[in-house]
Every structure is written in structure tokens, then in C-alpha cells.
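What follows are several structures.
Here come two complexes built around chain A, the first alongside chain B, the second alongside chain C.
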Partner chain A sequence: MNLLGSEDPTTFAPVIAAFKTKNPDITVKYAQVPFDQLNPTLQQRLGAKDDTIDLYTVDQPRLSQLAAQGFLEDLSTLKEQTKAAVPDAQYSVNLYQDKLWALPVWNSTQLMFFNKKSLDAAGIAYPSIDPAQRMTWEQIAKDGKAAQAAGTQFGLLLEQVEAYYQLQPLAESLGGGSGITGDKMLTTDITNTGWEKAMQWYSDTFSSGLSPRGVGGFQTSPLFTSGKVAYFVGGPWDIGNFAKSDIDWGVAPMPYFAGGSQATPTGSWSWGINPASKNKAAAKKFLEFASLDPAGNLATTDATTIIPANTAATAHYLPKLEALGGAKTTGLANLIAHENTQTATPRPVSVGYIQFEELMGKAFADIRNGSPVDERLKQATQQINDAWKQL
Partner chain B sequence: MSAATAHTGTPRRRTLAYLGLSVLGACIGLLFLLPLWWTFVNSLRPGGDTFRYLNPLQWETFFTATPTLSNYAALLHSDLGLATLNSVIVSAITVVVGLAICSMAAFALAAIPFRGSGAVFIVVVVSFLIPFDAIAIPLANLFRDWNLQNTYAGLILPGLGNGMAIFLLRTFFLAIPKDLVEAGRLDGLGWWGIFRRIYLPLSVPSLIGAGLTLFLFQWQSYMWPLLNGTDSQHILGPIALSNLQGQFNVDYGVMFAGSIVLTVIPLAIIIGFQRYFIQSVSTTGLK
Partner chain C sequence: MAPSQVFDRRKTPETTATGQVPTTRSRRRRASPSLIALAFLAPALISLIVLRIAPAAVALWESLFRQSLLQGGTVFVGLGNYGDLFGNADFTNALLVTLVFSLIVNPLQIGAAFLLAVLYTRKAAGAKIWRSLVVLPIAVPPAVSAVVWSVIYRPDGLGNSFLALLGLPAQPFLTSPQQSLASIMVLLSWIGIGYWMLFLIAGINDVPSELYEAASIDGASAWRKLWSVTFPLVRRPLAFVLVADTVSNFLIFAPVQILTKGGPSGSSNLLMYDIYTRAYTLGDLSKAQAEVIILVLLTLIIVALQFRLLRSSDAA
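After this line comes the complex of A and B, so read on.
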């Protein structure tokens, strides 16, 4: 059977090997599609009922649309088992119209990394890893500027500068909500006070020079490892690379706005079965192994730094992740466990999410490059509504 | 006296202006080279150092005192080697078979009078005015029905009949004097003989130009192999390069090393055939 995804083949080699040991009669072949092209490629090939894809990786917020298009096999018979095996947020993101369409494989969160040399130069105390002592964005902006005054080039950088995934918590923290409301989850709500205040703050971090405008996309972590940034908000996947770099760093919870709520991103990848597949039984067996079996799920994280979705696998995994950063990451397992259960705020479940995410990405890009916030959010509302009319 | 000064002054001024323009031209040329050079220098540095010397600009931005080949060594563990080989195979077959098909089509349109040749020519022109990306999706569905998915044939076929190459060759063929055709006829040559013994030997520069067009179409092929469901055995260069960019982080050093490898091959081919290529474009339609 064939698995299609956007990861490097070495990432899934361990889980495929572990499965083969248990099921010598099933051979799993993995094919990689570049990350940026995964969604268009899936749309075209699944739409043409391509039976050479049996199982594929599903970006969790895109699940509703894929299910609505008939591109996912109904897995509702596994509901109870799944509910018992994974955290609630990881179960609910795989539901659409009360049916289960995919099984969660990975989970995620966001953390704030800091450059110790930069903070030392400015005489700023290191932030604590204890979620009870979470910093505020206001404080980070102030300290970031102080670090810049003391010689660090940039005060703050978010890893995915234009991604809804990472920017949603800014608005959520100020009470702006996810941006999608309504019974059908097809009403845009991004011009409320919370969203406007959050985006104004975000815009100011660029206009004041606290964050650099030139670097975009998901290409920001090399800037932190070259020592040019004081505070960097990124994912657990950065820990492996940062541990290999030669800068001295530490990790703390993702900040929130003073007086606001604490919200952190969550969610990652599920895997789903192609209804046109001719090897559904084998695909299902492999999928159950990779998601519901703790050993199988853990094996999906052997070759990469990502949190497994399975609760039992997470318990095994977090101490390993904490050890990866050595003394720099003491307390990390507790922090991630806390964020997963207390502050994790999933992306909205809506059939219009794909259009929403793409248009919001453009709005974020314009806002950080200096577009007036309220006008640009109004324009985005109009664009999203127009796009949704065609659904 | 003043006239004599003016006489010697003008050529000197001209020389100065000429020198000035040449230096300016060279500087502008170097500016075009700069991004490629920067990519090359950074392919010799660890990925974590890519942005270290970017701001403010310094001599280390464009040079490195400690070059390392580790990024190129890392490429050996990726799919890029196989992908480059596949790209070379696919491009080479496309050039050879494609040139045979396109030159015969161009010959038929330029030399053989037949009813409807104008209409056929219009179809050819329209075929290269429509972007390939626009027809790629329905074409991929057809290829799937024909079981050409994930095969070399599936990768090569769309590149063979290239409207642009036919157009270039036809224009060149039209300029070949008809007297030569008649002389050939008198010597007993058929259409095939005229094509093989008169047209082809006279058209080497334009064949090279058309060959480069065919080559570049396949060398840059990105969307088609993805739609065609290519697996890791049939992977092509641009896809392997894009796959080097992970979802969560990018090692720019390795990425740049891969880009350099994929740039050097067409660069060598184009520089090797540059003389003919310029000749073919500049003489098409003029002879």
C-alpha cells in the first residue's frame, strides 16, 4: 500500500519498519510531495479517483473540506477507540458532521525561545519555564527593545510570520475569537476589537523595527541560530536544531496579552484513507498502528522532533524531548503537557477554512508590511465572504 | 591651436566615454551574477550561518574564509543524485525524439504544400500560446486512464511536441531557397531526402536553439511530475530540490548546494552552445 505525505522519507521509515516487523505480508511504500504542493496535488489526484494513493497525511484544519468533497473514508467505527487514545482536542478535530474521517498522528504547540547572550548583554532576567509565570507580549516587546539597544539586531521574531496557526492566539488572547463564527461556521468575525488590537500590536512590532520585515514564511529559525534575535516563538521541532547550534538559549511558555486569556496553538497532522483506494484494509491496519498503537505512534516521532498525538505515546515522548535540549530545557515536558491540556486553542472547524487561511495569510503579510490594520481586516472580511459564496 | 586641441580631445573623450560605459556595463553584469554567487558562497557554509553576514553587508557576505563541502556531501544522502540522473535521461530523450518530431513537422509546414497547412500552423502556434499549466490537470487525468502514470513515458511525452520549437524551425526552414529543393528534385531526391540531405545540414544552429527549448521545458518541469504521481524512483530534479525544504525547518546550506548542482548542468549546456543559440535566434527569418 502507498502512503503520500510531505515529510522527508527518513521521517516515516521507522514506523514503516516497525509495522513491517508485525505485518510481514503488508508492504508500505512512501511517496513525498513538496510541502507547498501537497494540497493542490491532493486535490487533483483525489479528485480524479487516483487509486495509487491509499493513505495520505491530512492537515487537520483542512479535514472538513476534504471530508465534504468525499476525499476521505469514514472511520466512525474507530470512534470509541480514538477517543480513548488521544487528547480531546485531537479527537474533535477529526470529526466532521459527527463522523470520524481521519486519525490523529501528530500534535503541536508553540514555545518561546530566548537568546541568553542577548538578554545578558541587556541585563534582562531569563523568563521562567513555569506556565504560572508566563510573560506578557507587552513585557516581551519592552525587553526586546532593550536587547536591541544592547546590541542584538532584532528583539522578537515569530517563526511563521504570516501563518494563521501562529497568529490566531494573539487575537484569542484579546478576546477576538478565532475569526470564524456562526452555526455553520461560515461567518467572518475579524473586525472586532480583539482582532484589531492584536493586529495593531503585531503591525507595530514590524514598524518599530522590533521584528524584521525581510524574512518570511517558515524560514526564520536560521536567524535565531545565528544570534540575531532575542526572543523567538517557534515549535517543539526547533529544539532538535537549536540543540545542535552553537548559541546559548532557553525556553519559556508562549506569551499572552496583559489582562487577556492564555491561548496557544495546537493541532498538526492526521492521516486519512482515500475512498478510491483498493487496499483499504491494509491502509486501515497501518493507520491504526501509526495512531492508536502507542508504540507505532511513538515510532512516527523517532526521526523528527514532533509531539505524538497518542496520549500514552506523548507520556513516553516528552521526557525524551526534554532530554534533547539538556539543561536548557529542564521543565519542558511539564510545560508542553500543561499547554496541551490547558491553553491549547484549536483552529476553527469549518468547510471554508482553506479559503479563510489563505486570505488571512495575505492579510497578515500586508499588515506586517505596513497596511492600515482596520482597513485591511475589512478588506479580508470582504474577500473571505466572496470566496465562501462559491462554496 | 584650439582646433588641434579639439581634434585630439574628441577621441580621448570618446575613449573615456567608451571605457566608462564598458565599466558600467561590467558592473551591471556583475549585479546580475551576484545572487548566484551569493547562493554559491552560502552553499559552502553551514546552513545556520546563511543569514549571519547578511546585515550589515560585509566582505564575508560574499566570500567565506572557511569553505566546507559538507552541504554537498549531505546531498549524497538525499534523492537529488537519482533525481538529477532522471532529469538528464528525461531531458535527453525529449531533446532527441522531440527534435525529430518537431523538425519533421516544421519541414512539412515549411516545404511541403498541402491543403490545410495554414490551419495546422495556426493550431501549432495556439498550442504554445496556451500555458502548459492550464492543460496539465485534464492531461494528467488522461494519462492516468492510459496507465502512463508514474512512468518515464508519462514524463517524456508532454515535452515532445513543442509548438515553440516547431515555430522556430519552420521560420528557419522557410528562409532556405526553394532553388535548392528543385536542384535536389532534379537529382532524384524525394521529400525525405530533401529533408535529410538539404534542410537538416543547413539548419544546425536553429536545431540547437529548438533543442535548448525542449531541454529547458523538461529540466524545469515541476508541476507535471507531481500531477503524474511520480514516486521516489522516477523523481525529477526540481521536485527533489523542493523536497529538501522540510515542513518545519530549512537547511539553506543544503538547499543552495542542490540549487547549484541543478543550475550548473543547464549552464554548462547553454554556455557550450551559446554561439549557435544566439546565431539561431538572430538569423531566424532573416536568411
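After this line comes the complex of A and C, so read on.
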């Protein structure tokens, strides 16, 4: 059977080999398509009912669109098993119209890293890694400014400055919701008080100079490793690089707004079966191995730094991740396990998610550069509604 | 005329030697010169049809339909997509930005390329070295130069360090709606001026030196020589540069994608980038096709206008 995805072939070699040992009669062949071509390729080949794809990787926010198009096999018979094997947020993102369309393979979260030298210079205590002592954004902004006064160039920086994935929790924390509501999940809701307050706070971090304007996605983590930033919000994938850098750093939970709820990003890749496949049984067997079987799911992370979606696999994986950062990341395994189950807030499941994410990205970029918040959110609402009309 | 003469002359000795005069000659004659010309042109014509005309026709055809993801069907909407586009604030803004961009960047690049070409064809010390330095940015792929310039334009980047050195205040560059388009123009000119200069240098080197000598004897100033000798005689390469530069500037994509994503507030949202977002990120292929047709028409109109202007000045 054939698996199609956007990862390097070496990434999936361990899970394929592990599956082969258990099932010598099934051979899994993996084909790679570059990430930015994955969606057009899937649209073309699945649209033409190409039966040479049996199983493929599904970017979780795109799941509902693929399901609506009829490009995913209904896996609802595995509902109970999946619900038991993975965190709630990783179960719900695979549902569309109450049916299960794919099984989660990988997961993610966000963490706050801090520069110890910078905090020492300003006489600020290190934030705790204990989720019970989570910092507030208000406190981080205040401490970040103090660090700037003591000589650090920037107080705070988010790794994906203009990405919905990382900014959704700001609005969620203030009760603004995901931005999409309604029965069909095709109603925009980004002009409520929660969204406006969160975006105003975000806008202020740039106008006050706490965060730098004009620094793009691929330049953010080097800015932290060069010691120019006091607080940096990034992902578990940063730990490997930071461990190799020269600066002294620590890690803490992603902050929340005072008086608001605690919300953190989550989600990554699921895998789904092509309805036109002629090897559905074999594909399903391999999919269950890679997602629901802890050993199989763990094998998908052997050759890369990513959190496995399966809860039991995560429990095995996190100590390894924690060891990667040495003494700097003591307590990380507990923190990630806590975030996965308690604060993880998935991106909205909507057939219009792709348009929503793209247009929100533009709005975040403009807000960051100083566009008036309420006006820009109204404009984004208009743009999103316009884009959804063609659905 | 020429091919058939060559053809006949080659055949004459053969026919006399073999004696098969009537059959061979009549069969060969049937292959008319225009058919042979067509055969030779076929590779070019076929690629023109397959790579240019067919995709344009497909775009035009598809721009008359609308696809629905949820209903899963395709409906004929006539000019509906075009109507929607002109009623869409983002599209009209992109159209305006593209026109302003073309109006400024083309004269700027061609003027600078012409002046530099004149400068570097003078016999001065190190002219060739300077010329190579100006041409060098062509060797850098556009995406790489965009990444390099993103570092220059960062608020804490090289650009502002340089301004500080001169005692000037720091500028927001790409983060300001007033400066983003101009910043992209500077980056494109950094690449473009050297490239277009090459064509003009070739043109200037073709101007016979006697004309300059004659002008000198007549007591013409350097300015007068530039205006009355160089300028009229490089009009042909200049016309090519004008048209090619205009077209290439209508198709700018990579720097916008890498540096600004069309922002802030749509201030650098050129049509090519708007087409890309509409087609591949918003998934509205039909409207994107309609936008392609609009862009092609716009380019054709402006290039036709340029040809007309150049022709009338030729006649004068």
C-alpha cells in the first residue's frame, strides 16, 4: 500500500520498518510531495479518484474541507478507540459532522522560553515551569519592559508573529472564542470584546517597542538565540536548537491574560484513507498502528522532534524531549502533558478554515504594523465573508 | 524567394545525372516554400500554442464559470466573476497599486539604466569594474535577494544603521503602508537597472564614433551629444528595454511574497500576488483566472500604447 505525505522519507522509515516486522505480508511505500504542493496534489489526484494513494497525511485544519469534498474515508467505527487513545483536542479536530475522518499522528503545543542573563540584569525572578504558577501577559509585558530598560533589545517575541495558530489563544484567553461560530461554522466572530481587547494588547506590544516590527517568521528564533530577546514564545521543536546555542535559557508555560482562561495552541498532522483506495484494509491496519498503537505512534517520532498524538506514546516521548534540554528543561514533560490535556485549544473545525486563516494572517500583520484594531477586524470580517461566499 | 532558388540549384546536377527529370522535379516542386517555412517554424509555433495560447484560452474559458466546493458543481456565470472582482475592495486596491507601481518603477529603472549605460561606456579608469559591480545583482536569484533585503529593511537592520551613520532618522520601510511599495521598487531596481543597462550599453557601443567626432567639431556640448546623437541612435534597444521592463514589472511576485505578503494594509499588493493568493490560498480558481485575463489585457493595452508612441516618434 502507498502512503503520501510531505515529510522527508527518513522521517517515516522507522514506523514503516516497525510495521513490516509485525505484518510481513504488507509492504508500505512512501512518496513525498513538498509541503506547499501537497494540497494542490491531493486536490488533483483525489479529485480524479486516483487509487494509487491509499493513505495520506492530513493537515488538521484542512480536514473538514477534505471530508466535505469526499476525499476521506469515514472511520467512525474507530471513534471509541481513538477517543480513549488520544487527548480530547486531538480527537475533536478529526470530527466533521459528527463523523471521524482521520486519526491523529502528531501533536504540538507552545511554551514560553526566557533569557536568564537578560532577566538577571533586570533583577527579575525566573518564571516557574509549574503550570499552576503560569504568568500573565500583563506581567510579562511589564517584566519585558524592565528587561529592556536593563539592556536587552526586545522584551517579548512570538515565534510565528502573524500566525493564527499562535495568536488564537490570546483571544481565547479573553473569552473572544476562536473567531468562527454558527451551526455550519461559517459565521465570522472576531469583532467581539475579547478579540478586540486581545488584538489591542498585541498591537500595543509593537507600538511600545516591546516587540520588534518587521521581523519575519524565519528570523524570530535566531533573534532569541543571539540574546536580544527576554521572553520568547515558541514550540517544542525549538528545544534542540536552543540547547545547541550559547545563551542560558529556561522554559515556562505559555502565559494567559489576568482573570481570563488558560488556552494553548495544539494540533499538527493526522492521516486519512483515500475512499478510492483498493487497499483500504491494509491502509487501515497501518493507520491504526501509526496512531492508536503506542509503539507504532512513537516510531513516527523516532527520526524527528515532534510530540506524538497518542497519550501513551507521549508519556514515553516527553522524558526524551526533556533530556534534550538538560537541566534547563527539568519539568518539561509534566508541563507538556498538562497543556495537552488541560489547556489545549484546537483550531476551529470549519470548511472555510483555510480562507479564514489566510485572511486573519493578513489582519494580524497589519495590526502589528499599526492599523487601528477595530477597523481592521471589521475589514477582515468583510474579507472572510466575501471569500466564504464562493464555497 | 531565396529558399526555392537554393533548392532548385541543388537539384539540377542530380536530375541531369540520373535522368529522372520529370517525376523528381514535379514531386519536389509540390512542397511549396511556405510549407517548408512552416515546418521550420513548427517547433516555435507549437510551443507558442501549447505554452501560451492554450493556457490563456483555458483561463478565459474557466473565468466564465464558478466552482462550488460544498455543492461540488461548476456553474456558468458569464462575466459574473469579473463583476465580482470590480466590486471587491481588495482587487480594486491591487489594480491601483499595480498601476501606480508601473507608472513609477518603469521610468525610474529605464532612466537610471540609460544614464549608467552612458557613464560606463565612457573611457574612464575602472569603468569595466564598476560596470560589473552594477550587473552583479542579476546573478543573485530574486528570492535570495528578497531575503537579503528583508534583513536590510528590518527596523534594526542595515538600512537604518546606514541612515544613522548619515545622521538621518530611522525609517519603518516594509512595516509602513507609505514606504513598503517604494522599498520593493528599490530592491527591484537594484537587480533591474544593471540588467537593462547591459542592453543599452550594447546599443551605445554600436553608435559610430565618427558621429561624436563630427558633433565635437561642430562644438556640441556633452549634453547635446547625449540628447542629439546617443539618444536617437539607441532608440531601438531602448524600445525593447521599455516593453520588456514594463512586462516584467507587471509580473513581480517573489519579493512581495517574501517581504510584505501584500501588506501593510494592502499597500504592496501587486496583481500577480493577488492572483496567487486568490487561486492558491483562498482556493477561488475561477476568479483568479478572471484576474489573469484582466492582467493580460492591461499589459497588452499598455504595451500597445508604448509601441504606438515609439512609432509616432519614429515618424517624426
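Just so we're on the same page, the second predicted complex is superposed on the first by the 387 of 391 C-alpha atoms of A that agree within 3 Å, B and C clash if a C-alpha of one lies under 4 Å from a C-alpha of the other, contacts with A are read in each partner's own complex, and residues count from 1 in each chain.
One rule holds for everything that comes next: a residue touches a chain if its C-beta (ideal position, glycine included) is under 8 Å from a C-beta of that chain, and two chains touch if they have at least 3 such contacts.
Because the structure is predicted, anything quoted here is derived from the model rather than measured.
A.B. asks: For the combined arrangement obtained by superposing on chain A, do chain B and chain C clash, or do they fit?
C.D. replies: Once both complexes are aligned on chain A, chain B and chain C clash.
A.B. asks: Counting only touches as set out at the top, which of chain B and chain C does A:24 meet: first, second, both, neither?
C.D. replies: Neither chain B nor chain C is touched by A:24.
A.B. asks: Should A:222 be classified as contacting the first partner (chain B), the second (chain C), both, or neither?
C.D. replies: first
A.B. asks: Tell me the contact category for A:123 with respect to chain B and chain C: first, second, both or neither.
C.D. replies: It touches nothing on chain B or chain C.
A.B. asks: Contacts for A:153 in the overlay, against chain B (first) and chain C (second): which applies, first, second, both or neither?
C.D. replies: A:153 sits against chain B and chain C alike.
A.B. asks: Is A:241 touching anything from chain B or chain C once the two structures are fitted on A? First, second, both or neither.
C.D. replies: first
A.B. asks: After superposition on the shared chain, which partner residues are touched by A:326: those of chain B (first), chain C (second), both, or neither?
C.D. replies: neither
A.B. asks: Which partner reaches more residues of chain A, chain B or chain C?
C.D. replies: B
A.B. asks: Between 9-17, 207-215 or 261-269, which run of chain C pushes into chain B after the superposition?
C.D. replies: 9-17
A.B. asks: Chain A residues touched by both chain B and chain C?
C.D. replies: Residues common to the chain A contacts of chain C and of chain B are 153, 215, 219, listed in rising order.
A.B. asks: Going by the contact rule at the top, pick out the chain C residues touching chain A in the complex.
C.D. replies: Residue positions touching the partner: 66-70, 72, 88-90, 150-151, 153-157, 172-177, 261-265, 277, 280-284, 286-287.
A.B. asks: Can you list the residues on chain A that touch chain B in the complex?
C.D. replies: Residues in contact with chain B: 6-9, 29-37, 41, 44-45, 48, 50, 52-53, 153, 215, 218-219, 221-223, 225-228, 235, 237-238, 241, 245-246, 304-306.
A.B. asks: Quick one: which bits of chain A touch chain C in the complex? Just the residue numbers, please.
C.D. replies: 40, 65, 68-70, 153, 212-216, 219, 351, 354-355, 358-359, 361-362, 365-366, 368-371, 376, 382-383, 386-387, 390-391
A.B. asks: List the residues on chain B that touch chain A in their complex, please.
C.D. replies: Chain B reaches chain A through residues 47-52, 55, 79, 137, 140-141, 144, 149-150, 223, 226-227, 229, 231-232, 239, 242-243, 245-250, 252.
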